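Next come two complexes, and both contain chain A; in the first it sits with chain B, in the second with chain C.
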Partner chain A sequence: MSGQSRSGQSRGVIERSLATFVDALQHTFHAEELAKKRGLLQRLDARVKIVAILPLIIIAALARQLTVICALFTFAVAIALLSRVPPSTLAKRVWLPVLAFTGLISLPAPFLTPGKAIYSLPLLGWTITAQGLRSAIYLIMRAETAATFSILVILCTPWTNVLKALRVLRFPTALVVIVGMTYRYIFLLLQTAHDMFQSRKSRMVGQLDGRELRRTATASAGVLMSKTLQLSEDVHLAMRSRGFRGEVYVLNEFQTGWFDWVMLPLFTGIAVLAFWFGR
Partner chain B sequence: MGRNCDLLSMHIPDGYLSPSTCAVLYGAAMPFWYVAFARIKRLLHTRLVPLVAVFSAFCFVIMMFNVPLPGGTTGHALGVGAATVALGPWASMLSLSIALLIQAVFFGDGGITTLGANCFNMAIVGSLVAHLAYRAVAGRSTLASPRRAMAAALAGYAAINASALLAACELGIQPLFFKDAGGSPLYAPYPLHIAIPAMMIGHLTFAGLAELVVSGGVVAYLQRSNSSLLHSSSRETDDAVVQSTHRAGWGRTGPLWVRLALLMVLTPLGILAAGTAWGEWSGRDFSSPEMRQTIASASSNVAPPLRPPEGLERLSSIWSAPFPQYAPPFVRRPAFGYVMSAMFGSGIILGAFRLIGWMLAGGNGATKASP
Partner chain C sequence: MTAPNSAVPVFEVRDVTFRYHAVTALDGLNLTIMPGERIALLGANGSGKSTLLSILDGLYFPQKGGVAFCGQPLTEDRLQTQEIEFDFRRRVALVFQNPDVQLFNPTVFDEVAFGPLQMRWPKAQILDRVSEILEQMEITHLKDRSPHHLSMGEKKRVALASVLILDPEVLLLDEPTAALDPKSESQMIDFLVSCSGGRKTVVTATHDLDLIEDIADCCHIFQSGRIVGAGTAAEIVKDHALLLSTNLIHAHRHAHASGELHSHPHRHGHGHGH
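Moving on to the complex of A and B:
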C-alpha cells in the first residue's frame, strides 16, 4: 500500500466513523422535528398508534397475495402524507436503502428459483422464472411495507412516548426503563466517541499504516468501554443517592380522545381486511 | 432498515422470515432473556438497571466504529466478543438484545417481527459461543496474558460466524416451507445450499475479521491500560472470565457437561425422521427408483438426472468417513451408532479447542493460574 493510500485510508476510517455518528444524531433530531408537526399520526395517542400499526406490520409479513401487500404499502404512503412526513424523507430513510439492500439480495432470485421460464437473457442465456420473479417482488414489497410502517411510528412519536407505549405491549417495567436510559446514553456515548475521533483527527499530521489504524480504532473502543463502565458506576451512585432501591415506576400520562377512538377501529378494520384478502 | 443495513447484513429485516419462524425464534429467545435477567438481577441488585442500560448504549455505539482491516478495507463489528469478555454471557446477551431492540425500533436497522431472530442469533447464541470459546482458549492464563487477547479475538470470530450460520439456516429453510400457490417462495428465496455459502463467505472473511480485531484489540488495550476493569467487571457479573477460570472444575462446567450428555443421548431421535436430508444424496441414490422418487418429491417435482453428476461420483470416493451414516461398521444398533458418533464428534471439537489453548499456552508460557 502506498503512502498516499495509507493517508487516504487513515483519514477515511476516522471520517467515516465521524460521519456515522453525526448521521445517527441527525436522524434523531429530524425525527423529533417531525414528531412535533400536526398530522394524522402525531395526533394519535402513542398506545393507539402502536396497537394500530403493529398488526399492519405483522399482516404485511403474513400476506400471501402481492396485491394485498401493495395495497398496504399504498396505505402506508397515504398515512405518511396525511402525517406531513415528506416522501423525500421516506425515500432517503427507507425506500432507497431497503431497495438497495433487499434488491441486491433478491437480484439473483429470478434466475436461481426453479419454475416456469418466462424470459431468457440474450447473450448470457440466463433464464428468468415466473416463480423467481414473484419471489423477488414478494421480498422487496414486504420489506418496504414493513419498514415504512415502522419508521412512520418512530418519525411521528416522541421517543419518550414510544417507551411508555411499550408498557401497553406488556413489556416489563424494568425493561422499559432500561431501554429509555439506553436511548439517552446512546447520545452521550455517541458524543463522546465523536469527540474522541475528532480530537484524534485534529492531532494527526502524519500517516498511519493499517496496523496503527487498527490499534487506534480498538484503543478507542477500549477507552469507550472503560468510560462506559465508569459511567454506569456514576449513574448507579446518582440513582442510589436519589433513593433508588431497585424498584422502577413509570408515570402514565396518556389520555385518549375521540380522534383515537375513531382512528383505532379504522386501522383495525383495514388490518382485518388485509388479513382476510391476503390469506 | 436503513443506514447500516449494508454494513450489518446479519440484521434480518422484516419480510425475510415467515411469521411462524419469527414466533418460534421469539419463543426460543424468551427463556434466555428470562434467565439472563433473573441471574443478573440476583447478582447486581440495584446496579442492574444502570449497568445494562449504559452498556447497551456502548454496544450500540461500538457497532458504528469503522475498523480498518488488513488489505485496506474497513468493516463493522458487533462487539459480542468484547461485551462477553467484559460482562460475561448473561449480561452481554441482555445488553446486545437491548441495543438490537433500539436499532430496530428507533433507527430501523433490522425488523420488528424478526427482532427475536436477530437477538437469538447475535445476542444469545453469539454471547454463549463467545463465552465458551473464550473459556476454552484462555484456560487458566493470567489476566495480563497475551493468550487472553488471543482468546477474545477467537471468541469474537467464532461468535460472529456461529450467528451468521444460524441466520443463514433460518433464511435457507424459508423456501422449503413457505411458497404460494404458484410455487414462488414467499419469504427469503434461497435454499440452504445457496444461503449458507453466501452468508458464510462474508462472515468468515471481512465481518469475522472485524469482530476478531475489535474483540482482541479491546481486551489487549484493557490489559495494558486498566486490567482491573476486566477483573472487577468479571467478578461482579460472576459469569465472566476470571472467576470462571478460577472455578473451571466440575462445579462451574458441570451443568454444561450434563446438557451435552443429554443432547448426545437424544441424537437417535434423528432416526425417527422420515427420508433423507435434502441435497445429501449419494451417487447410488440416483440409480434407485425409490430414492429417485423421494428426491423428485422433495425438489418441487423436478426429476433428478438419470446418472449421478460426474463430479459427485468422482469426488465421493476421495474420503471414506470412519462412521458412515452415523453408524460405525462394527455397531449393529443404529441408535447406539448415533450416540457414538455424537461422542466422537463432540470429542474432536473439544479436543481441537484444548489443542488451540495448549498451543497458545506453549507460545507465551503464561499458563499459571492467576492468584
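Moving on to the complex of A and C:
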C-alpha cells in the first residue's frame, strides 16, 4: 500500500497500520485458495501435518551444521513446489521479510565477532571476519528454514483445521479457543477502527496539529476499547444462550488415510536424519 | 422444567423492572405469552425490546418483578443447575440482532454444532442434525467457511441455523431483518414464516412494520420500557396515532406540483412506497 493518500496528504502511522491490517484480511482469502489446491501438504490430515512438520521446525532452529540447515531449506522448498505454493508467494511473505528482520539483527555480527579477517570495507575500514559472517548466515538460514516450514503449514491448511488439529492434539482447550476467537474478532475490530478513521477523515477539512491528532487518536482508542468490551460481553451472553457453562466441547472429525501413514514415517525419518547429522 | 401445556403460558412476565445503571430499560412490564403464539414486540430504538428478549432467554434477570417459564420461576439460581439450564436452553433460543456476536466459532459447521456439543449430544446425532439443518437453511456450501467471510444475509441465516438445530419450542428474534438487502430480507422472512408455523412460539422484536403482518398474529408496542398498546398486526399498522406517538412512523412533509406543502404519517419500507 502506498504511504500517500490520493489527495497527496501523508497518512498517519495508525491509519497506515490499520489499512495494512485490513489488507491482511484479503490475504486470508488467498491463503484459503492455496489450502484448497491438490498438493502434497493439502492431502495430509491436519494433525499429521502438524506432527510431521513441527519437529522439522525445531530441528532447523537448533541444528549446528550449515549443510543440514541448507538441506532442510531445500526440502522445504521442494515441499512447497509439490504443494503448489508459488516461490514468489514464499519470497514475498517469508523470505524477504525474514531476511530483512534477521539481517538487521545479525548485521553487527560479521564486524564484531573476533576471528579471521576476510574482507575490509573500503573507506570505513571495518573488517568482516569469517566467524562473524558464519554466525550471521547461520541465524538467517535457521530463521528462513523454520519460517518456511511454518508458513507452509499455515498456507496449505485451512486455519480452522489448524485450530481443530491443535485441540485434538491436546493443546490446552482454553488457549486454542482464545486464539480462534482472537482470529475471528481481530478483523472485525480492525475493520471497525479503520471505518472510524475513514469516517473522521471524510468529515475533516485541513490538517490537525500534532496535539489534536494525539487527542483524536486517544479518543478513538477509548471508543474502540468500549466497543470491544461490549462485544466481549455480548459474545459471552450468546455463548451462554446456547448452553456454554465454562467448558468448550469440540468434535473430532479428522480421518487419516494411507497417504498420511506413508508420509508421516517419511517426514519423521528426515527429521531423525537432520537431528543426527545436525548435532 | 415442565413440559409445555397449552393452558399454561410459555412466559409470564409480571411487573418486571430492569435498569442498566441509571437508565431504566423496563419499567413494571407485564406480558403473557401462550404456547404457539406469534408475537411482535414493536418499538423505537431503546424502548426495551432487546432487554426483554434477554430476560426471556435467562441472560439478564429483573431487579424487580419476576418471569415464569411454563409455570416455573425463571431465576439465576434455578439456571445454576445444569439439568434445568440445558432443558431451558434447548427449549428457548435467542437470535441476536448482530450476527457477529453470535457467530464466534471458526467455521459455519462449528457454529451450528456448538449448541448440541455443549449439551453433550452423541457425535453421530450432531453430525446428522448439522447436515440436516444446513440443508434446510440452504447453507451447506458455507459449512467450511469462516463467519467473517460471509455476507450479512448469510450470517443471519447461519445465526438462525445455529439455534434451530436444537429444535427449540420458543424462538426469540431480535431485529431479524435488520441490515439485510431486499433479497436476503425476503429469504429471511420466508424462513421465519416456515419455521414459525405449527407448535413453535415466536417472539420477534422489531421496528419494521412491513415485517409484522407476515410473522406475527399479535403485536405489543413498547415505549420507555412499558407496553403502551397491543393488537393484531392489521390493527396496529392502521393505528397511525399510536405509531406516531411511539416513533414507529414519522410525519413526512413534501410539496406537490401545485406548490402545496403538506404532511402525512410515513413509514420506511422496502420494495414499496408509502
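Quick note on the criterion: the second predicted complex is superposed on the first by the 262 of 279 C-alpha atoms of A that agree within 3 Å, B and C clash if a C-alpha of one lies under 4 Å from a C-alpha of the other, contacts with A are read in each partner's own complex, and residues count from 1 in each chain.
Throughout what follows, a contact is a pair of C-beta atoms (placed from the backbone, for glycine too) under 8 Å apart; a residue touches a chain by one contact, two chains touch by 3 or more.
In this text, all values refer to a predicted model and were calculated from it rather than measured experimentally.
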**Request:** Report clash or fit for the pair chain B and chain C bound to chain A in the combined superposed model.
**Result:** fit
**Message:** Let me test your reading of the model: by the given contact rule, A:262 touches which partner, first (chain B), second (chain C), both or neither?
**Reply:** neither
**Message:** Looking at A:241 after the superposition, I want to know if it touches chain B, chain C, both of them or none. Which is it: first, second, both, neither?
**Reply:** second
**Touched chain A residues, chain B compared with chain C** = B
**Item:** Which superposed partner A:124 touches (first chain B, second chain C, both, neither)
**Value:** neither
**Message:** Tell me the contact category for A:205 with respect to chain B and chain C: first, second, both or neither.
**Reply:** neither
**Asked** Of the two partner chains, chain B (first) and chain C (second), which one does A:136 touch, if any: first, second, both, or neither?
**Response** first
**Prompt:** Counting only touches as set out at the top, which of chain B and chain C does A:160 meet: first, second, both, neither?
**Reply:** second
**Fill in**
After superposing the two complexes, the shortest C-alpha distance between chain B and chain C, in Å, is 9
**Message:** Does any part of chain A touch chain B in one structure and chain C in the other, and if so which residues?
**Reply:** 28, 159, 180-181, 183-185, 188, 231, 235, 239-240, 244-245, 248
**Complete:** Contacts from chain A onto chain B in the complex sit at residues 1, 5, 9, 12-14, 16-17, 20-21, 23-24, 27-28, 31, 54, 57-58, 60-62, 64, 93-94, 97-98, 100-102, 106, 108-109, 112-115, 130-132, 134-136, 138-139, 141-143, 145-147, 150-151, 154, 159, 162, 172, 174-175, 177-186, 188-190, 193, 210, 213-215, 217-226, 228-229, 231-233, 235-236, 239-240, 244-246, 248
**Contact footprint of chain C on chain A as seen in their complex** = 25, 28-29, 158-160, 163-164, 180-181, 183-185, 187-188, 231, 234-235, 237-245, 248-251, 253
**Asked** What residues on chain B touch chain A, complex-wise?
**Response** 1-6, 9, 13-19, 22, 37, 45-58, 60-62, 64-70, 72, 74, 79, 82, 86, 98-99, 101-102, 104-108, 111-113, 175, 180-190, 194, 213-214, 216-218, 220-222, 225-226, 229, 233, 299-300, 302
**Message:** Residue numbers of chain C touching chain A in their complex, please.
**Reply:** 54, 57, 59, 82, 85-86, 89-90, 93-94, 96, 98, 100-107, 110, 113-115, 117-120, 123, 126-127, 144, 146-149, 162-163, 166
